[in-house]
Structures are given as structure tokens and as C-alpha cells.
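Take this structure, written in C-alpha cells, and hold onto it; I'll ask about it next.
A, B, C and D label the chains in the order they appear, each numbered from 1.
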């Protein structure tokens, strides 16, 4: 007898609450690791709490969101320190449900769990710390918004979903987190849904991601079924052992997973949603671009890195990854040159930087790619918050309404410049170290088997460094220098918004110091402590040639920007057209990707194809049904009209006439007198009996 | 005693009852005739019961049921008669032709 | 409580609503409160009886038929009153009694015109008996009777309380009322299918040795391959028609949008939540185990039709302007996932099908509740005329958004598991089935999820978001009232509960499904 | 069995007497011009049937007939007669139809058919003379026949209610 309650029992079948320990830290660190499930759960619980009681709290739910993200930040930093002291890699699994067996394979187990290793701790830290600053800032930015409370509920869901994803030790949980992030992004991008454009952007983001998710689903299913387990550790075990079944499907699985990653990390050609996602409030953009959503793809590739790195597995996908990354980093960077919206400049710069990370992953540089993710999170978060502060001050996104703001908004100006320099990769800020490492990795890969693709992407990346510096210089000059061109009086943002700027600015300065080639290797060590790590390339000494070249490109970009935009910022738009006549329309139209998608895919599906299907339904299929009905009616009309009314009815009518006559005679017998009826009854009975006796 | 004597008596009483039902005009008398028919039926039932002599005593039990139902019938029948009389100031059956359409 | 476990519990669950119908007939129409309370009372009693079964159910042996009884019923044709539930029917049985209660709760204050609570709730209760009975019947004739029993109340619900808009039909000179068209279409379609189904049942009866209508006995006969060759193929085809119309599978689905759109709110809810499941349940309970060989032959066909339904339903949704019709077409797509899962003939697939059925019942049921309530307030279902609903009635719109998210398969909500597991099953169908067909089906099905997300988000955009059109400014449009909330909140909780804890369904089904697959397909 | 054999049995003599009384009473019931007389002679006929029941060993039925019919039903009839002001005089036209002969013919043929068929079916077969006690009848009623018994009690209840509803003066009129 197994009662109902058994459905609620965790780990029903014998110690399924499993613990995979690769490197057990033990002691307090071990305790921290085993309670790390709180990291994703606390923000999710906060989400529900905010929805339910948020409005009644003094700060309308903000305190719950802030508290939960602060908890995550503190916990993550504690884990980071513990990991620093003694590397750890721990997985916990709790069985949710178990479907007896897949044919020929093991049981299908639905699990929930959490993995605490260098990679996930790094991501926890990024989400927690950047999130903490952004949440703080958002209180000032969103003050007075109609849906303040709901905003923070979605925000917590956003962070919580990302943490679920990062903490996932199995692929199904990863999908759960992945989709939670997606839906939270939908809610946040479309936060001001009174305007249909914002909602359209939200839908665009969601649908684009959903298209890519087809890849993720397919990849996860292929891997999970082939290996017989959805645990990432089991999958990577099979990869490490060179399992032949896995090797057969590895290419397709790897490609499919990467397509999923391309969606979330907005790689070409799935990049179109990210610039539009600017429709959301600026803190959303900040968190989305820095820590949560777009990093998920890179994280996924990092988490599954051995699959791509092991020879004979999905290593053929790497060349695709590196090319996609290379194309994205340069092409989207170029678009940033022609944007007038300050947030769009930053958005395209994010795309470009994500291209760097992806290219690094494709070049086999696991550490370099994730290091850039790490540093980028801080300075890109900072840049968005600063941009938000500007927008808050001048009530416009358009840089042609700005100018000369350095006098009005000193804190914003200074932090924005710090962020821009970090992004441009100027020594010794964070961006320098990570970008340099990527260049070095690409260079190494070009020599080590990446071949022409890696070489090509290396040059694209170096060119990209110039472009990056150029558009950031342009943005800085247009926004903060020259004369103020907008209306009203710009003002510095309140303290609650400026101190997160300074906090992140500090991190943007120092974040690179954890991994200076030849000097420090803390970051490398963090990432090395994981369940499966495969030999990636990591530079042990500074590649002076590339460092100098990269820096020179960046300085060149800044110089070009200064030359073009410093003095005569007012006529900037005409200059764009003058200077790059061929490229400009192409860039302004974003290489016509949106046109292609809207007119080539979405439009036809929503329009002619959908209408055709409905036409099929209403005319063809229902036509068949109606034809049956009509045929039945015709047949009935024939049967009734001819055979019945004129054929049989002729006889019937004659009979009826006779009956009528007879009836008028016989009806006299119907007197209504009970006793006559009774008499007839008895007489009839007698006659019947007599009849039976005679004829029976 | 043979069974037939009871059956023939029953038939005779029943026929007399039939005659009464057919010929009487007053509704109360019609009901009385029906009682006569029911009594005849009871005689037949009990006689058959004694003839078959089964342990379940179906004949007698049926007779009892018939008596009960008859009592009910009389109750309702008289009520209807009273109602008709109240409405029409007459209890004559042949003045009622509601069954005619 | 042994009496309860030996048939009485199930019989009470099934027939209490019928007793309720009888009781309602004795109550004068004017005693409206009493009518409502009686109907709700009987529905609650039936629900309580099913919950008692849920509590007493032995999940350890969910493969066995429990709480059953097997009494002589129509000895002349060897049809018996054989009932019982296993892990597959248990969730569906509880769902059906549950939804019935919610339908009556919702109806408490929302009677469709022409207002007649007595007749309407009597029909709901009659429907409840038919639905619950289908899930417990273990005799083909009994199954057939319950299966058909649901037709009649639904026909009257649509035909009497349905949409009165006039439509023009080809071949008819005069316009007809939508409700009449839809009701007749629904009735004829289903009757068409069930005529074939009855033929199939008779064919099974005469081929089985000894002749029997007993489903359990037929399972064993089927596993031994009694129904083979062309004979079996014809029988499968006949059963297929019967069940496929009810599911409905493409291209037999065209009754569904009309019926759903025309039906009164509660009718749509019951239709979507339970009635559609009768078809897919029939596949799982009857077609697969009794005709395993034919099921394998037909599986690719079913899979292809299912995938067509997924894509086709989603595309049709994209072109809809009528909110209820959109949700109706979404059912075609979602049931496509259920059928794809069934076609895989694997444990993962059948489990996915059952959780998909439960999830679709809860989610689409709720969607129809919401669409009905909105149509009740706005007096239009045209999405183009709506907008900014989130401002006008935040609670209702919030639940609508939540449910749409569940419907598009958001993980953590009920809809995800059915979809994901169906795709999972399709990657690796039963040995011997064409991998090419099923893997293509998986990819196409996954693309279907994108389209699903598309039309639901567009629906939300049109209905919930944006500015309120001038037409509605200043109109008295109230938010969800307490009866609506009482009907909806339990569904919201169920969506969350199943999404977070799928074992609520899997825990019951897995044993039964494993046994089914092992017996039928030797897996 | 000859008539002599039959008539020499004392019981049959008793039967004959009772039967003749009953038939006579019955004829009076259907022929009298006084309604009250008709009711009272019905008592005689029923009493005769009770006596026959005793002869057939059906004591309980006999007493039931006496109690229910003679005690209750006839009283009911008398009330009915009084309420409907049925004619007690000699006005034969108001009590009977004019055309009696068709009715007599039908009645006679009914008798003929029934008498002939029973005679043909059973001839001279004897009746066994066992006596069934009221105790046994009671046992049977509450075991084997309990469901019909309950059903009949419902019928009585319904008749009770129906009688009240029908005969009650409608306060509206």
C-alpha cells in the first residue's frame, strides 16, 4: 500500500537525494555548498511574496527584492571566498519524479538540484553583485512608476530564473531556468505595455528566444536520451569516456545546444531582439546585458564546454561558434556607430562584446570567454546605469537631445567615462585584461588547429577593438561634451542612483586584476574547480605584441572619435552620412535583418500562411463537411420530393383519403363515454379468446 | 372440493360485476361493481393458491395485495367522484365525455 | 470501508451526479437557491467521493485496477457492470469531478441566457456522470454508453444556451444561428465517429474467444495477438475514427472551433477540459493495449497527423480575431502534442500524454472561463476591439496572462511537462517505429511551441495590453467577482502545483503506463 | 367425479349455499334501485367470499376481507353515497342505462368464455386442504415479499395523499 502522501515524498526510492562530490571542501565551506539551494530559491520566493504582499510593505516590495538579491550577493561572495581558499565542486540532486524506464535505456528521472563549483559560483557572484547594485539603483529609477511592485516581482523572477539556470546540475532544470529568464524578460521589456511598441519588443525577444529554444530542446533531448540521464555530469562523463553513442550524435547535439545559446546570447542571426529590448526600463537593460539573460548562452557553452572541446565529440561545432562570434562582434559593433539612442549604442556594444565571448569559447578559450563575461558584467552594468541616469536627467534617450552634460551630472559623467574606458580595453581597467586574453586565445587557436577561421576572427577582433573604442568615444562626446541641446534643466540623479554607479565603477576598475597573465591566476583557478573541466588554453604570460596592438587600436578609436565628435557635436548626423556613404544605410537598417524577419518570416506566417490555414479549415475541410451535409440534404430532398411525395405518397395519399373517410364514420364510435369503452373492452377480450380458441 | 367450482363462481361474480360496470349510471354504483369484480378475482387467486399449494403462498399474498390496492382505489375513486359531483352536481358517468376529443 | 473499495466508491463518484439530476427534477424551478445548492452539493459529493478514492488509492500498484467491481448487467450479450480505475484513469477521474464542481461554482452567478439554472445544472450533472463513467468503465458497452451519454447534454448546452449570432452557410438560403449549426455539427461529427467505434467494439466482441466486452480480458487477448491481420487493421481503423473525432485529430477537428465558440462558457470549459480527453483516453485504454500490432503500424500516421495538428492549429490561431475561437484552435495544437506522445508508444510518451491531458484540461478550461467572463463583460469576443484589459480588470487579466504563459509551456507550470516529454518520447519511440518520422515530428513539434508562444503573446498584446479603447472608457466593467475567483483560483493553484511537482500525476501514472507498455509491446 | 359424489361431500354443500347467497347478493348489487341497498348487499357478497377463504384455508385473507372490506370500504361507500346525494328512491331511469341488453350480452359472453376455459383447463381436479396460518403469511410478507409490500405501502400513502388533495375543498373557489 503506497498512499497518496508518497507523491509528496522527496527522493522516494532509496537515497536519491544524491551528492556528487568531486572536490569536497568540507567544514564550513561544505555547509555553505549544501545550503546553496537557497541562492535560486530565495529570489523566487521573494517574487511570490512581492506579488502577494508587496503592495502593503513600506517600500512596496522593493525591500524584499533588494533583500533577496543582497542575500544572493553575500552568499555568492562567501562561496567565492571559500572557493578561493579551497576549490570545491559539489552537486546535489533531489528526485522529483521517475518514469520507470525508457525503452532500452535507464529510467527517466526528473530531478532538481544545485551545483556549486567554480563556474556556478562565478555566475552567482556576477548575478548577485551586479544585481545588488542594479536593484538599488532601480529603486530610484522606478520611483513613482505605476507598477513599481510588479516590476520588482518580475525583477526578482528574472534574477531567480537566471540563478536556477546557473545552479542547474541537469539539463531539464537548465531549461526551466532558461525559460523563466525568458518569461521574466518578456514581462520586464514590456513593462510599460500601454505602448504597443514596448510590448512588440517584448514579444520579439520572447519569440526570438523561443525559436532558438527549439535548438536547446532538441539538443537536450538528444543528449539526455542518448546518455540515459539528464545530469550534466553524466553527459560529460560519457563525453570524457568517449562514449560512441554520444559521439555519433555529439555534433548535432552540440550544434543544437549552441543554437539555443545563440538565442539567449543574441548572436547573429538571433541578435535582433536585444536592441529592441531597450524598450524596457533601463535597470532591466542593465541587468539583462550585464549579468542575467545574455550571459546564459555563453554560460551554457561554458558548462557544456567539454562536449565542444573533446576531439571526436562536438569539436566540429567550434568553428561555427568562432565564426558566429567573429561575425557578431564586428558587424554589430559597426551598427553601434550610427545609433542616436544612447541605450542602443550600448545594446549594440553588448552584442559586439558577446561576440567576443562566443568567439573565445569557439577558440577553445573557456577561461578567456568567461573572464570577459565577468568583467563585462561590471562595466556594462555600469554603463547602462549611467545611461539610465542620463535619461532620468534629460527625459530622452536621444543623444541629439543631450550634450554638455558633464557640467550637470558630474558623477554620471565620471563613472560613464570609466565604464567606457574599461569597455574600450584601456590599461589597466578590467576590459583590457579580458579582451587581451581573448585575443591571445584566438591567436593561440589560430596556431593550434583553429586554422584560417581563427586567424580571420583574430583580425576581426582586433578591428573590433578599434570600433568599440570609436563608438564609445562618440557616445561620450555626444552626451557629455559640447552644448546642451535638449529642453529643460538636466539634473544629477539622486544618491540612491549614483552610489551604485560608483560601486560598479570601482569593480570595473579592479575586476581585471584577478587574472593578469603571469601575475595572478585566481580567476583561472576558480573556473578550474568544476566537475568536468577540459584542457582549455590559458595564457600564462602577457602576449606583449597583441596587448600593444589591441591598446593601439583602442587608442586609435578614441582618437578618431575625438577628432570627429569632440568639437562639432551638433552636426554629427550629417557627418555620418558624409563620411561613410555606402555603409551608412546598411548600418542604419541593421543589415536589413529585421526587414528579413518581419517581411520574410513573421509577416508571411502571421499573414498569408495563417490565413491560408484558416481558409483550408473554413473552406476545404469544412467544405467537405458541408458537402456531406449538402449531399445529405439533396438526397433527402430527392427521397422526399420525388420518391416519397410523388411516388409512395400517391398511394399513401389515396390511403389517407380513404382513412379520412373511414375515420369520419368510425369517429362516431368515439363517444367519450367510459362505459361504452369498457363494454367494447370486455367484448373485445371475449372475441379475442374466442378467436384464439377457434383459429389458434 | 374441486378447483373448478371456485373458478366458475369467480367467473360468475366477475361477469355480474361487468354487467354492473356497464349498466350503472351512478359512479358510486360503478365502483361497487368493480369491488365485486375484485372479490371474484380474489376468490380465483386464493383457489389457485390452494390448488398449487406452494410454500410461498403466492395466491394468498396476491389476494392481500389486491385487497390493499382495492382499498386505495376506492379511496381515490370516491375522491374523484366527490370532486366531479362538486363540479357538476351530478355523479352520473354517462354525462362525462371528457375522453372525447 | 471495504464496501467503499469494492465498487461503491466508484459508483458513488459516477452516479451521485445522476442522483442529483433526479433530485433537481423534483425541485420547482422557482426555488433557484435550492436548485443551485442541490446541484453544487451533489457535484461536491461526487468530488469528495473521488478524493476519497484518491486518498485510498494504492500508488504502489497503480497498474492494477482498483476499487473495482464486476457485476452481471446484461447477461444476454455478456456485458457486465465492470468498473475500476488504475493510475491512468485516476487523475482524469479526479479532474473531471473537480472541473464539474468549478463549473457549478462559476455558474452560481453566471447563468447563460435564456436563464434556467435548473435545466442547466441538471445538464452539467448529467455530463459529469458521463465523463466520470467513461474513465471508470472496464466494459466496452458500459464505456460506449458513458461515452455517448456526454453527447446529449452538450448538444443541448450548445443548442439552447449557445451563441445566437447568425451565420451564412453554403447551400442554405437563409442564415442560421451559430448555436444550432455548432450543436448539430458537434453531434453529427461525434455520432459519426462513435458509430464506427461501436462497430469496432462489436468486432472485438465477436473475435474474442469467449465472446466478451470486458476490457481487461480483451487486453490479455490483444497481448496474445488474437486480433491480427486485416481484421485487426479494420477494427483499429474503426476505433481510430471514433476516438480521433473526439480528440479531435486533424482533419476531423472542424467541429471543435465551432462548438467551442458557440457553447456557453461552462460548456466550453467542460468540453475542453474533459470531453476532448475521452478520445485520447480511449486510445490509451482501448486501442493501444487491445490492438498493439495495429497501433505500431498506425503510429507513424498518428504522429504525422498529430504534428500537422500542432502546426496547423497554431497557424490557424494566428489568423483568429475571435478570442474564444483562438483558444479553441489552440486545443487542436495541444491535443496534437498529446497524440504525438501517444503515438510514440513509449512510457515517456504515454506519461506525457496523461500529464498533457490533465494540464490541457486545467489550463484550457481556465482560459475558456476567462474568455467567457470577458465576453460576458465586453459583449464581444473580437480581440481587435479589446485592449488594456490589464488596466480595466487587473485580476482577471493577470490570471489570463498567467494562464497564457502556462499554455505556451512555460517550465514550472503544468503545460511544460506534457510538451517537453512528448518531444522527449518522440526522439526515441518504440523499437521498430520509424526514427525518421518521429525525429522529424520532434523538431516540427518543437517549432510548434514557437508558434504557440507567438499566438498567445499576440493575444495577450491585443487583449490585455496597450491603452483602453475609447469604446470602453467610462463603461462599468467590474473585475473578477468572488464566484469567478472561487472557480479560478483552484485551477491556478493546480497549474502551479502540477508544474512544480509533476509527480502529482506521474506518481499515479508511471506504474500503470509501464505495465501497459510491457503487456502490449513487450518493452 | 359425478355430481352425486360431489354433492355428498358436506363441504361442497356448504359451498353451494354460500355461492348461491353470493350470486344472489351480487345480482342485487347490480340490479337494485336503492344505492344504499346495493352497498349493504355488497357486504353480504363479500362476507360470502370471506367464508370461502376460510374453507380454502386462507384465514388471514378472510379476516382481512372482513376487516378491510366490510369494516372500512363499505363505510367509505356509504359516505360517498351520502356526499354525492345518490338517489335512494325508486327512480330506475336515473340509476341504470336504458340499454341493458348489450351489457347483459357482454357479461354473459364473458362468463361463458371464462367458465368454459377454466372447466376445460382444470376439469375436476381436487384442491388440497392445507391451512396457512397468519404467522406464516406474516413471515412471508416480511421476507420474500418485503419489497412489494413496501411498494404497496407507498401506493397506499400516495392514495391517502391523493384522496385528500382531490376531495379537499379548494379554498380559492
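Going forward, a contact is a pair of C-beta atoms (placed from the backbone, for glycine too) under 8 Å apart; a residue touches a chain by one contact, two chains touch by 3 or more.
As the structure is a computational prediction, the values presented were derived from the model and not from experiment.
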Contact counts by the stated rule: is the higher one at A-D or A-B? A-B
Most central chain, judged by mean Cα position vs. mean of all protein Cα atoms, is C
Just curious, how far off is chain D from chain A if you go by their C-alpha centres, in Å? 94
I'd like the Å distance between the centres of chain C and chain D, where a centre is the mean of that chain's Cα atoms. 63
For chain A paired with chain B, centre-to-centre distance based on mean C-alpha positions, whole Å: 90
How many angstrom lie between the centres of chain B and chain C, each centre taken as the mean Cα position? 58
Listed in rising order, chain A residues that touch 2 or more other chains are 675, 679, 682
Residue list for chain D, restricted to those that touch at least two other chains: 97, 102-103, 106-107, 110
Every chain pair meeting the touch definition is listed as A-B, A-C, A-D, B-D
Which residues, counting only chain A, touch chain D once they are in their complex? 675, 679, 682-683, 685-686, 689-690, 693
Residues of chain D defined as touching chain B within the complex: 1, 6, 9, 11-12, 15, 19, 22-23, 26-27, 29-30, 35, 38-39, 42, 45-46, 49, 52-53, 55-58, 60-61, 64-65, 68-69, 72-73, 76-77, 79-81, 83-87, 94-97, 100, 102-104, 106-108, 110-111, 114-115, 118-119, 122-130, 132, 136-137, 140-141, 144-145, 148, 152, 155-156, 158-160, 162-164, 166-167, 169
Seen from chain B, its contact residues with chain D in the complex are 1-20, 22-29, 31-33, 35-36, 39, 42-43, 46-47, 49-51, 53, 56-57, 59-61, 63-65, 67-76, 78-83, 85-86, 91-92, 94
Touching residues on chain D, where the partner in the complex is chain A: 97, 102-103, 106-107, 109-110, 112-113, 117
Report the residues of chain C in contact with chain A in the complex, numbered from low to high. 54-55, 57-61, 169-171, 185, 189, 251, 253-255, 257, 312, 315-320, 346-348, 351, 388, 390-391, 405, 410-412, 416, 420, 423-424, 427-428, 430-431, 442-443, 446-447, 449-451, 453-454, 457-458, 461, 464-467, 501-504, 506-508, 510-511, 513-514, 517, 523
